[in-house]
Structure formats: structure tokens, C-alpha cells
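Two complexes, one shared chain (chain A), two partners (chain B, chain C).
Here is the complex of A and B:
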């Protein structure tokens, strides 16, 4: 028995070592960083302990811009992508021909490199001296003037940003909802057919309650994912997101850590903890709402 | 009107309604399919257009009659795309192998071995699943920098190799294998390690394949950590490489060559996806997360 006891720990050892070094220790360390005032990464010294880092971050206009951008992305993309995913998977569940093909096509963006495909989106939307770009060409058919979606007005940039985000996150949501819809018991639908229940009622009384756990799972993970938006922004607007006015909270954290404005792990830590607090609050609210509405 | 006529009329109307709904359905799905596929079409199309021809098109053309592969040659000769590519293959292979080497024994320990404190440690592991990367990446960056591991594969790989979630998935799967098999093996005097490698791993192959593929996708698309840890071009992965190409590569205007690089980067995963389509989709719906 004794030999067995130690061998169990032996199997766990690599995982414990790696997680300890790169997850548990950093977790404690980030809290320490966030309260060390005036930390100097070159000399590794600091002059005091307090909440100055937090107040500095909250007064930084770049952080406020990042906060605003992130919230707009969250507020637009979470409902739009969830709604669109629901619409698409509902239609998918009702067809037989070409269903596999559609499912495969819809899943493609999941396996593509965000940075690489973002470049294609940039080209489609960008205005250059040579060409207004394909999207502007299509807009001009409806008589609207050319807009530079990549270097132009804020609303235009935000539109591309949200559009690309929805394009990227949709595959996962469609996949989850399609499998949730497939597992709704056929007897319910047959009973509703016999009773001549109208489509809309079938949807609100049978389909929606049945898939509500998965729907809420998607909403919760959708919120968390959208709050961490960063790579998609870089893909469209380049690494200098502050210059483009399109930075996000996560982007701000990395900029503080490294890059042109880098070398301030304390500010990065404070910003990361602020982000964590926001995400945690939203998730708790989501869970409270879901407890009221989800039928398990 | 007889009852039969009325019945026929109602049935005709119902059928017409059904057809209309089906038409709307396919139109909607078709439109989204076009939106999904169009960027892929556009990158391939642009990548075979000639530089001069592309820049003289004020109105972009939807096809080309004179495809050229020169852009692909440029992508490998003018910028170090080949180097980025090899780096990513090395990074992906080593990280995935290390991930398996760490998670498989850990999952086995949680699922089958009995030792003091096992359940407590497992709960602690589960708690770690809630920790966002953004929170720990700051210290990891400092740690790796202090250890002088920037611009090394060790620094790139070590912090991203473990995944608590995969340990959890595997543990669940190992737990489903009847414990009698384990007991029988013990009676026969089979060692734990031999049992794990010769019996458990082959039985649970589907799950192991799934997490391997998910990890490969994750590694291939990794951007944030490699960007923080590498500033030497010799260690760039494809994501950083494409960003580098975009900002300093061919010159900002050589879009066709850029698109050739994008195609080269995208193809491996798309091929992998088309081969393992069912497995990947099942795996992702069981536990994939984007990002």
C-alpha cells in the first residue's frame, strides 16, 4: 500500500510542477504586483504598497478607451452572434439535404488562424489609393459613398470589428446549438403536430426550454470570450491598437507589459484584475438570471 | 364544395407553405455559407493574381484568367515564411507531445490510483480551470524573461503545455473504463505504467485523439504568448510571422504575396479539419473553447 501511495504523486508530479510554476505562483504574484507602487522592472524595486496602480489605470485615457471599445464589442457581438447562431442552427435542424455540407462549411472559421484571415477581411474593407476595396464597391451600388473601414471613422471600424468577431465566434455556437437541437425529444414535436400547435408556440414552449441550458452556457462563455477580445483586433488593425483607437482591455494589459508602452507589470496586473472583476461580476449576474429561466 | 375538395385545398395550401419555408431556409443558410466561404475564395484568388494586375484593378475582379504562382515563391523567398512554418511545426509537435506526457499520467492518477489527498488535489485542479490566462501571463512573462528564456522554444512551450481541462476530460474517460479490468490486471501483476500504456490508452484512444487535435489547433493559432516571448524573427510562429509580414514584409502594397502567405498558413489546419471533420466537431462540442 505504501508504495502505491507515493506512485500516485509521481504520476501527478509533472502536472503539479508545471501548474504550480505557471498558474498558482503567478496568481499570487499578480496580486502582489498590483499593489506594489512605483515598481521598476529594471532594478526590481518599489517604493510602497497601496492602490495607486489601480487609480492610475482607471485614470489612463487609453484604458478608458479600451474599456469603452471592449464594452461595445461585448454588447453588440454577444446578442448578435447568439441570435444568429440560434437562427442558423434552427434552420439546419429542419433540413435534410446538404445538411452535412452546410455544417462543415459553417465550422470552417473555427480552424482558421485569426491573424491570417483577419488580413483578408482587412483587404476586403480597406480603402487604398489603388482601389476602394470590394465592400465599398458593393456599398456604392446602393449609392453610399466610400468609407475607409480600417483607418476611417470610429463607427466604421467598430462595424468591421464586430462583423469579424461574429464571423469568428459563430462556428462554435452553431455547433453547440445544432447538437442541442438534435437531442430534443421527437415525441414533443409529434404531439404538437397532432394538436396543430402553431410554429411560434412550438418554438417558445418546446424548443426554447429544451435548449435553454446550452443557450445560457453559450451566453456565459460568449460574454467571457468577448471581454477578452484582442487577437481579432490585431488581425484587423495591426499591433498598435492605441493609435487606431481600437484597443481592448486585454490589449491594454499586453501593451503595459511589453511593446512600445511596456515595462509596467504593476499597471498590467491592476488592469488584469479589473478585467477579472468585471468578468466575474457579469458571470455571476448571468448565472443568477439563468437560474430563473433555465429548465433543466 | 365537398369535404374531399376542401381537404385537398387545405393540403395544397399546407404544401405551398412548406415549400416557401424550405426555400427561405436554404436561402438563409446559403447566404451565410457564402459569407463564410467568400474570404477563403478571395485569399486564394488574390494570391494567384499578378502584383501589377492586382494594383491596376480599381474595381476588383472576381476571377483571373492568368493565374500565377510567383507570389508563393515570393512568400517563401522574400520573407522567412518557411522559417515561421518550421518553427510552428516544432512548437506544435513538442507542446502537444508534452501536453500528452503531462495530462495522461495525471488523469490516470486521478481516475485509478488511490493515495492520500487525491480528491483534494483534484478539486484544486478544477478550481484552476476558472483562472483566465490574462491573469497569470504577466508573471509568466516576467519569469521567463528573468530566466533568460526569451526567444527560446523552452520559454515558448513550458507555460502553455499543461491543460487542466484536458486532464479533467481524460479523467472522466478513464473513469468510464470498468474498474474490473484494472483489478484483473493488478492480479496478473501488471504494473500501473504498463496498464496505462498498454490497456487504458488504447481503449481511450478517441478522447486522446480529440484532445491532441484540439491542442494542435490551439498551438497553430497561438498568438499572444509567442508575441510576448519572441522578438527575434528566428523564433516567430506563423501568427507573429503574418503580423511581421503585414507590417514590415513585402512592402505594404504587395497584397497578392501577403495573401499567398495567408493561404500557406491556413491550409494545414483546413486539411486536418477535412480529414478529421467528425472527430474535431464532436471534440469541440464536448469541450472546445475558442481562444
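Here is the complex of A and C:
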């Protein structure tokens, strides 16, 4: 018995070593950084231990702006992208002709470079001294005035941001949901047809429960992904996100480490742990809700 | 409800590169299934049985022909308007709903005037559950049930809306051997209790023989014979039906009619009136052989297998079309196992003559509609 147990640990050793060095140790290190007050990265010294870093971060208007931006992005893009993906995959699973073509079209953004697409979006939406941009051109057809989506009002910027995020995360969700829908046994639908089940009831009673594990997976990863948004913002608004008022929590953490006002690993660590607490809370809530509504 | 099929055909065309290939799954079916009977739809795999069932159900649209329930033409009606209950091969129970919710599901679909009050629904569900004896399992999920129990739930779900026709697609194929015996009795009992016209698909001739009032034999989309099990066994319409029904299989000999006598390998074995001289297939049921030292049929003895009440004799004959033929005789007859040969006489009722050109049974009309 004892021999067996020790050989088990031997097999786990490579994984444990790698995870320990690259996951567990950095995590503990972040925790330590976050409570070291007045840490000086040059001399690697600190004054004391406490929660000052947290209170500083929470009182920092830039952090609060980043927090607000992140929450808006999460609350808008996760439901919109998931709902839209569900709608698209439902229609995709119904059609037969051109299905492969549409699937490819919907999947294309997934294999396209984020920064390149971000630039394209910026060009579409940006106003310059020479042109109002393609989107403004289209809006003007309906008689609305030109809006500067990239350097203009906050709502316009947030709209572009959410639009872009939905566009970027959609393909993966469509891919997952189309395959989930395809794996629902056809016999259920035949049985429902013989019983004269109304279409809406087929959707809520058969389709939704059948794909609920996949849907739940997409919602959880969607939340986590949206909370970790950063590169998309850079692609659209450039590296100085604080100036644009479009920073996110991850962007704030990066700025604290390497940005213009950088060199504060303690603040970055505290912000990272706050983000971790938020994501953990949301995920736990998700899990609790899923117990009732997800059918494995 | 009487089911009438008139010149019913279903042709599937391939897709993509094979779009010009056509598969005739059901080919010009004309038959009448009488009201209140249990009918077995029998045929080898891929012969179009399930397609025919789906046509009756309404899940498939016929390429040609009409389907009538009683005097109503239901050909163009969707399945829900036909009043059919269907039990699918894999039961298709909704996995996230309890047994109770599965059974009540069809009733909850009803809208408007057809919708029953809640108590009436519950009463119907309880009634269906009692009929298939699953009353204690109502709160379980389908994955917590055995195959046989799932089958019963599926039947209850099909019966709860009191259909005029019950259709079962391979109802026994997913069950183990013991459960299969039990469940087929159960299907027979439920059908007798409800009196609903029932059609079930099977590829197992024993299953069809044991519980059906009538059997429909089909092959490659074509109706071979419709009749009572015993009739089909005793008067098979053609060589295929003769071979398909009965275990052990019928023994087919390459034979000849010569001046009113049946000849096997040159030897005259029995008189055969009313047939002109010609080469024929002679099908002889295993129980049609009678050990008779003075019998006309001389065979090479291969093996004797005593199986309790009966004895199975494996023998060879030059005119036999397969490797070795098999006869079943009562065990009381002593068989000399060491003898190299053995003589039989034949029971004329167990000998069927089939034409070599179209393989139809000679000397008897082919089966048609049930009278």
C-alpha cells in the first residue's frame, strides 16, 4: 500500500514541479507583494506589512475608472455575445445550403489577429481632419451627425469597445454552440414532433437543457475573459488607456508595473488580487445558479 | 383504427455527388392493417421497415401513394394531427425530465380546446403509468432506469394521449435476452388491454411470430407477405419468406418436377400433383423429415444433436443448396449414429415448392390482404 502511494507521487512530480514553479510560487509572491507597504523595487526594501496597498488602489480614481469600464464591458458583452451566438447557431443548424460557407464566415474573426482587427475597427470608426470614417458616413444617411467614436464621448467609445469585444468573442461561441446543437439526438426532436410540441417549448424543454452544459461553460469563460479584457482596448484606443478613459483592471495592473507611472508592483499585486476576488465571486455565483439549470 | 396503405412509395435521393442515386425504401405498398390488432413489421436490416413506420407516423412524407386511418386520408397531415403514438428505438426520453414529466409532456403540449384540466392530465398519467407498471418510478430520471423500464416509460408517454395508432420502432432491440422475452409479453398485454392498433418493427422473426396477430414481411422495400404468423409459416408466399421465418431455417433443395412427382437428386421422393415438369426449389422444414428406413430420401449422416425433447439431425444430400441440412425429429426415435447414411420420408405439408424463375410459391396463391 505504502509503495503504491509513493509511486503515485513520483508520477505527479513533473506536473507538481512545473505548477509549483510557475503557478503556485508566483501566486504566493503576488500575495506577499500586495501586503508589503512602501515597497521599493530598486532597493527591494519595504517599510511594513499591512493593507495600505489595497486602500490606495481602491481610492485611486484611475482604478475606479478601470473597474467601471471592466464591469460595463462584462455586463454588456457576455449576455449579448452569448445570446447572439445562440441565435446564430440555431439558425445555422437549421439551414443546409451554404452552411459551411456561413460557418467559415462566422469563424473567421477567431483566426484573425486582434490588433489588426482593432486597427480596422479604429479606421472604420475614427474621425480625422480628412474624413468622418465609414461608420459616420453610414450614420449620416439617416441624418444623424458625425460622432467621434474613438476620441469622443464616453458612451460612444464604450459602444465601439463592446461592439468590438462581442465581434471578437462571437466566433468561438458560435463554434461551440453549433457543435453542441448538432450533438442533440434527432430522436428527441422527432418525438417532440409526434407529440405536437410547440416550437418555443421544443427550444426551452429540449434544446436548452441539452446544450446547457456548453452554454454554462461559455458563460463562465465569457465572464472570466471579459474581466481580463485588455489587448482589445489597446488595439482600439492605443496604449495610454487612462488618458482615453478606457482602461480596464488588467490594463491598470500593467500600467502599475510597466506603464508611464509604473514601478509599483505592490499596487499591481493588490489590484490583481481584487480582480481575483471579483472573478471568484462571479464564478461561485455562476456555479450556484448552474446547479439548478444545467443538466449534465 | 384501421390503417390502409395505397400504392405507397418512398424514394430517397442521395446528396452531393450521389444526388442521382435513388434508394427506393418503400416500393408500392398496398395493404390494410385491421383495427385493434398487433402487427409485426418484419424484414432484414435496411429493408425499409423503419421508413414505412415513419411514413405511417408522418415523420416522412411519401413520394407517392396515400395513407388512410379508417376512412380519413392522413397523407398530408403532420404527425401531431394523426393521433399516433410513437416509441422510438432508443426511447427518446427527455433526459432532464423525470418519468412523470416525460409522460405528461404530450398532454402539456395541447393548446386551446384540446387542453385538459390539470387533474385530468394527472389522472391520465397515473393511468398510463399503471398500465405499464411503473407507478413507483415516477420521480426518477431516465438515466436512473433500466432499459426495460425506459421502454415502459416510452410506451406510457406514447399512450397517454390515447392515440388511435401505436407505433414501435424496434422496441426490443436494446434489451438483453431475458428482458426481451418479458417485454414482448408486456407489449402483447398492453395492446390487448388498450385495444389500440399497434405496429411494431422487428428484424427478429421469433419476436414477430410470438406476439403478433399479423405479420408483414418486407424485403428491399417490397411487401412480401401479410398474414397471420402461422399462415405465413405454413404457406410462405415465396422463397424469401420461407427462409426468413422459422428456426432452424428451412432446407432448400435444388429439385425437379417429373411427371407429377418431386425429384431430389434424381430420386423421386413424393407425389406432387398439378405441376408441370420443370426444375424447382423445394423447401422442406426441419420438422418435415420423418425417419423411415424404407423412405425415399437417402442422406449422408453428419451429426446427431439431442436437445431434450427433440433431436436435431445434421445431414448432407447432393441436391441440398447449402453445406448441410438439418432435420428435427422427436427424440424417442432411435437414430443409429454410426450409420453412414439415413433414410427419410417427407411430410407433404412441410414441403414447399418454389418457382426457379420468380421464386414464388407454386401450388398456392401468394398472400395478400388480410380478409
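Keep this in mind: the second predicted complex is superposed on the first by the 275 of 296 C-alpha atoms of A that agree within 3 Å, B and C clash if a C-alpha of one lies under 4 Å from a C-alpha of the other, contacts with A are read in each partner's own complex, and residues count from 1 in each chain.
Heads up, the rule we're going with is that a residue touches a chain if its C-beta (ideal position, glycine included) is under 8 Å from a C-beta of that chain, and two chains touch if they have at least 3 such contacts.
Predicted, not measured: the structure shown is a model, and the values here were computed from it.
Upon superposition of the two complexes on chain A, no clash is found between chain B and chain C, which fit side by side. In the superposition on chain A, A:292 makes contact with neither chain B nor chain C. Of the two partner chains placed by superposition, A:59 touches none, neither chain B nor chain C. Once the two complexes are overlaid on the shared chain, A:187 sits against chain C while remaining clear of chain B. Looking at the shared chain after the overlay, A:8 reaches chain B, while chain C stays out of its contact range. Touched residues of chain A were counted for both chain B and chain C, and B has more of them.
Measuring only between alpha carbons, the smallest separation of chain B from chain C in this overlay is 6 Å.
The contact sets of chain A with chain B and with chain C never meet. Against chain A, in their complex, chain C makes its touches with residues 57-59, 78-81, 84-86, 88-90, 92, 94-97, 105-106, 108-111, 157, 161. By the touch criterion stated above, chain A contacts chain C in their complex at residues 185, 187-188, 190-191, 193-198, 201, 205-206, 209-210, 295.
For chain B in complex with chain A, the touching residues are 22, 25-26, 28-29, 32-33, 35-37, 39-40, 42-43, 46, 55-60, 101-103, 105-106, 108-110, 113-116, 118, 121, 125, 128, 131-132, 134-143, 158-159, 161-162, 164, 167, 192, 217, 220-221, 223-224, 227-228, 238-239, 242-243, 246-247, 253, 255, 258-259, 261-262, 265-266, 269-270, 272-274, 277, 280-281, 284-285, 288-291.
For chain A in complex with chain B, the touching residues are 4-9, 11-12, 14-16, 18-19, 21-27, 29-30, 33, 41, 87-88, 91-92, 94-95, 98, 102-117, 119-121, 123-124, 128, 130-134, 137, 167-169, 172, 175-176, 179, 221, 224-225, 228, 230-231, 234, 238-239, 250, 253-254, 257-258, 265, 268-269, 272-273, 275-276, 279.
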